[in-house]
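Each of the next two complexes has subunit A plus one more chain, namely subunit B in the first and subunit C in the second.
Now for the complex of A and B:
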């Protein structure tokens, strides 16, 4: 047990310290040295997500459902990468439009609708107040435990403590003061609250450190590490349920998935999260860091939850202590009061950060989206020129903070008794999730309309109210119990937990499913069946296009207004103060290089500028109303409207024509680039070709010249030598001739100047003729050469001379490489479906696998060191291949070393008309 | 003792003509038909001069030339590159890696013999 005064002193010292930090950061910011322009501070401020519910409730939930505490943190982790898409877009829109709250965002998107903004504000307040009161309850509980803990059971009866003796009351008052001091410094809520953000980031560090501290204390000092706790925990009767997800463990996979989904929406659309992530965002780039840093924070926050829960269950068997308080109770039971005090500070930081940010976010909504529109309805409010409205506005915002905090406190005193920490948190989550369809639909779908958003929000929140808060009220005895068991008015379809007869879902999943079902359904159906007004349409375009436009284009001018600088200036001074107005006007004049004092009438751009200035202070819808009150609007005449439409249409068609042209040019450029590359490649090939041809021509010429000179210089050589040398000259001259002919052939085929003569021919005749022509060299080489030709070979179309050249080439190759001792070359024709196949088979040395492709390349001969260089130019197979390609056939080789080679080619019966050229 | 000449070429007719010309001048001869053979004979036969073709099976003339120039014991060995590769960059390359002369095919027999004789006289 720790003395009252000590806990009291520590709590207020901590809060004092928090004030000091916020004050310091604000002072620094005033001197131009911002603390919060830092991605880590930004990510830490997002950790306002982790409230007292995380700090105390996670352990409680883990103690009853095992892994059931996790989905609330898995959801945010899953959605974090998508922030680059969603949050970045929302932040950009919010900055362009001076948006300061989630209510303003939705109202602004759907035509700056006051009613929609007010509705969002009401839903937010009703959904979030219990959540704030929950934090107060946590503070109060932890205080009581710290000061009255006895190893036996602790029963807390708040009702018996008068409020003026309740610490939570004083803490609540202090938090309201904090929120007023640091959350309402400027009237323009779109300006950043440096002190607030810095203090919240600091609180995030405190709660993480103290939770990790107690986790390490329990795991490594009370037990010998994680393994030790788990092995002790095996003795618990239902140990298995802590590590599995099943019906027995109290949380099913369905529920797991639903809660994951719920929390990934909540982390973006809870008012306090929206406030921290969007309104207080200094730099879009910070989101890039936050998408990994924030999940990392959640991970660290969750490491020790299960170990502490298990340790608690081992320490306090038989439910003597509420599992929500294990983090405090374990150190106390072990006599480590200082650790308990540290835990208390951690819980306090978790609770206060939530209360502060949530209250500020709600107060902006209440003042801008509820109070302001009502005030503007009162005629005298705007016309009474004497009052300075800036003070009034600030008072409204400050007053709403006090009211909200007190409301939460009262709620806690009266109702919050009945709930555990987790259940209230999830109820608020489900309320916040109702904003998701209108926001996500609003930034990605132009078709969403104001009526659609209204219908969706109303339907979704009614279902939510009926399926979650109503049964709680029934359980608390405020409403009759029969609603739960028999349904509303005794209709069994209207049982809150089994809405529309759906069985087998837990209350949260049931509510989330049905509220989303009606919310999304109504949003889409009503949007499709309603028309958007001009303003709605222009806002929709602006929101959907946001990340890709600078903000100016897309803002249609559908009405024309006239007003004077003085009138607008006077109006702005009343709402945002003289200093701010003058500064803004000065900036505008500088950026637009105009002298505002000389301007008689102001243009539409200036009016929009004034409206945006006001939006930051009083919200989009109210700003619209205020500006409209002083601007004489002249709607466009039909003729003018038609003119605008015509111009727009012309601009669009011109743009389309330009785009088309540009695409064509791009295509042409790509083609030219490709052609150029091909030409360069051909040029390189040609260069290589010339060099190789030259080399091949020079080689035989060298022998011819050398022996001619030798014969000339040595007339007295003997006859044998003379004959030998002369025969070499003749042989090399023949080689030269053959080479020249082949180069010419190849050049003709490749440059498409070959003179093809297509006739009906018989391949059988051609094969016989070629074998006959080769009989001489076959005999010299002692090779048997024969043809296997079936009786009726169909006639094909082809160039007779060229096909004979192909056969001669293949057969003479076969003879050249056939077995030197008992050489054999066989030519076989086979008739297939639509083509002939001719195989030329020898029984020579064969061709290695790696060489089988090479031989078809120009001048490539396989040089076998043992047999020397084969005779021939190295062009024969290339020419053969080109000729067969012309005949629309294929040439290939099958061979293996020492197994002989078979060269095969095909000739189709019918030529295809296209692609005569290879 | 007669001076030693190594002929390296894979064209039988050209080898025959070079063989005749060198024999006529009384040099001691060896003939290599592949790159590997050339390397072997350079080590074993240690010729005073090599008539070296460039396009050879398994090792080309440039590589052989580089091999000879990398060995200190062959500093006095003369190398004449004898090749049908007549492009300017081929000639420059040959001289750059240490050939003493670069003769393109087809060559004048008298010039060739004269070049060989001049080199071996020095």
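Now for the complex of A and C:
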């Protein structure tokens, strides 16, 4: 037993210290040195998750269900990795929109709906008040145990203690004072509460340290470590249930899974968690640290829970001491009163931190989402000339804090008697989970509409109310017991614990499943079947896109109307005070480099700015109503909507055009590259051509000059020699002339400047003429030249002279390479379907396979070591090929070594007109 | 940007990993009345895996900070 006065003194000293810390942090922040701009402080402040329920209740739950206390802490660990995805996005949106509570968040997302915000606030208050009262109960319990502990008498009868003798009452009052002092310092709730956050982080350290302390004390001083406790515990009658998850142990698999899921949602969407994680967040980078630090905190907080529970069960005979109080009872029973006092402070810190943050979070919702909309409905409220509304607003918030704390206290005195710590906590968790679909859906799914969110929330919370609080009311005797056993109105489908006939689930899982089922179901179905208003739609875009848009972009034209700076300024001064307004206006003017005093009519950006200033103070929905009262709003006409659409459309088509352009450019570039490569190749060819031609010209020229010089230097040569030399000179000059003619011909053909004379001609005549012309050289070479010409060769169109040139060329080639002993050249004309084919066959040495292609190239002559360099320029076949190509025919060769060669070409009967060259 | 995207992916994987290791049926393997050094197997498993998950979270989240040494720059940038 510890004397009353000492416990009293210690608790109030502790609270006093808390005030001092908060005061110090606020004072520092005012000097510009922030305490909370630190990721560890942020992560510690999130540990407000661990309440008196954790501190006392976990041990109690472990004593009855073994590992069943764990899912509540595993859930947050599981979801922590996704905070970069979810919480960071929420934080960004909240900062951009000046959002200050979960109700404001949902209301703002779904078109700044007052009704939706109010509904969320009501659900939050109904769901959380019991939870707050639970903390007061824990404080009261721990106080009573500390001061009156005797192992045999533990039944605590709160009802018999008048409230003015109840420590919990005074603690509650002090907490309300704390919340008012440090939670409502600024009217703009989106400003950070430095003192509050620092104090909460401090409390988180205290509760962890004291719990670890008692855990180590029990495990290593009362026993010899973990193994020792477990081996002692084997003597407990129901020891097995502490080892496993099974039906006998009190926690089943589905309970394990469902509670994990539940706590995973609660750690983000309980109002106090939302307040700490989102509203009080200074820097979104801090979330990263919290991702591992917060799970680590929970880990440390839970290590010794089961050992303490087992030690408690070993220490106290069955049911003599409430397992929820083991943490306190063990040190007391062992006579370590100072340790018990330390535990008491730890429990106190856990309870007070929760009460403070939860009441502040709720009071913001109550004032901004419940009281404000109602006040704005009263016509005289806005028009009344009471100049300063800031005081009124702060009073509303402070008043609601007092009301909430007292309400929780009254609830504790009347109802909370009947509940254990954990059960009420889980009921609140399930209530908070109802916000999850609207929030998660709201930030990831554009299609969610106000009606959908409304339907989901109403359905989910009604199911929740029926499946969890109703049975408690029945157990407490407020409602008839028959609801539990026979169902509402005797309908067995409406039994709260077996809703719609679902058997085999524990109450929490049952409630969570059905409330989520209806909540999500209605949210999705109604969203699909309803249409979003323009405001809803633009907010949806803003929320879903949030992480990628920073600052101003993404602001839609939400306001279309006119107002003046003076009117807006007067309005803002009434709501947020003169100093704040002037400062904000000054900052706006500086950032936008405009002189507000000269502005006649304000643009929509300025109106949005004013709206956001107000949002921080009175919530999104109310701010919109207030601004609308002074901005003459003109509804969007269809034409204007079309304009906005058109702008978007234009942007899209411009983008498409650009893409097309760039594709075309790419194509053009590719073509140019190709053309360039071709040009380079041609350039190379030209160089080859020039060098070959000059070489070919020099050879005859050299011999002409050489012989001419011999004749000049030796005038006394005999006649025979002279004649011989002169004939060589003549021959070489002829060769020169021929060569030059051929080069000119080739050049003409290739540059398409050849003068073609197309007439109807007979190939038979041409072949005969050519054979005739070659007869002289054929005889010289002893070659027989024959034509095999059918009687009726059809007439074709062509240039007579050029075709004769082709035939002469081919025949003289054949003569040149024919067998030197009994040479033979045959020219054959055959008539095919649509063309003539002319074959020139010799019986010479033939052409090797690999040479058959190159002979058509310019200046290509096959240097055969056996036969030396043949006579000729090497242009003949190239020119021949060009001429035949002009006549739309083909030229090819068939040959094999020592089997002779056959040059064949075709001439079609009918020219294709389009390919006549200009 | 790429590093950030990869980190996000790793975190999502860790989330899925946590879901699996703290759940039926994997948990049921360790759901036995066996003692390891005097400590019940399931109790040991849950806390050991919990600790491993936290260690992995530290690795993933702080990895970037570990390689980017100049801590003062990051702080002054805030």
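Everything below uses one rule, namely that the second predicted complex is superposed on the first by the 641 of 918 C-alpha atoms of A that agree within 3 Å, B and C clash if a C-alpha of one lies under 4 Å from a C-alpha of the other, contacts with A are read in each partner's own complex, and residues count from 1 in each chain.
Quick note on the criterion: a contact is a pair of C-beta atoms (placed from the backbone, for glycine too) under 8 Å apart; a residue touches a chain by one contact, two chains touch by 3 or more.
Since this is a predicted model, take the numbers as computed values, not measurements.
**Q** More residues of subunit A are touched by which partner: subunit B or subunit C?
**A** Ranking subunit B and subunit C by residues of subunit A touched puts C first.
**Q** Figure out whether A:228 sits in contact with subunit B (first) or subunit C (second), or with both, or with neither.
**A** second
**Q** What is the contact status of A:695 with respect to subunit B (first) and subunit C (second): first, second, both, or neither?
**A** first
**Q** Looking at A:713 after the superposition, I want to know if it touches subunit B, subunit C, both of them or none. Which is it: first, second, both, neither?
**A** The first partner, subunit B, only.
**Q** Going by the contact rule set out at the top, does A:703 touch subunit B (first), subunit C (second), both, or neither?
**A** first
**Q** Report for A:80: first if it touches subunit B alone, second if subunit C alone, otherwise both or neither.
**A** After superposing on A, A:80 lies in contact with subunit C but is clear of subunit B.
**Q** First (subunit B), second (subunit C), both or neither: which does A:332 touch?
**A** neither
**Q** Of the two partner chains, subunit B (first) and subunit C (second), which one does A:306 touch, if any: first, second, both, or neither?
**A** After superposition on chain A, A:306 lies in contact with subunit C alone.
**Q** Which residues of subunit C touch subunit A in their complex?
**A** Where subunit C meets subunit A, its residues are 7-8, 11-12, 14-15, 18-19, 22-24, 27-28, 31-33, 35, 37-43, 46-47, 50-51, 53-54, 57-58, 60-62, 78.
**Q** What residues of subunit A sit close enough to touch subunit C in their complex?
**A** 37, 67, 70, 74, 77-82, 84-85, 226-228, 230-231, 240, 242-246, 253, 256-257, 260, 283, 285, 288-289, 291-292, 295-296, 299, 303, 306
**Q** In the complex, go through subunit A and note every residue touching subunit B.
**A** 691, 694-696, 698-707, 709-710, 713-714, 728, 731-732, 863, 865, 868-869
**Q** Flag every residue of subunit B that touches subunit A in the complex, lowest number first.
**A** Answer in residue numbers: 10-14, 16-18, 20-21, 24, 33-34, 36, 55, 57-58, 84-87, 104-110.
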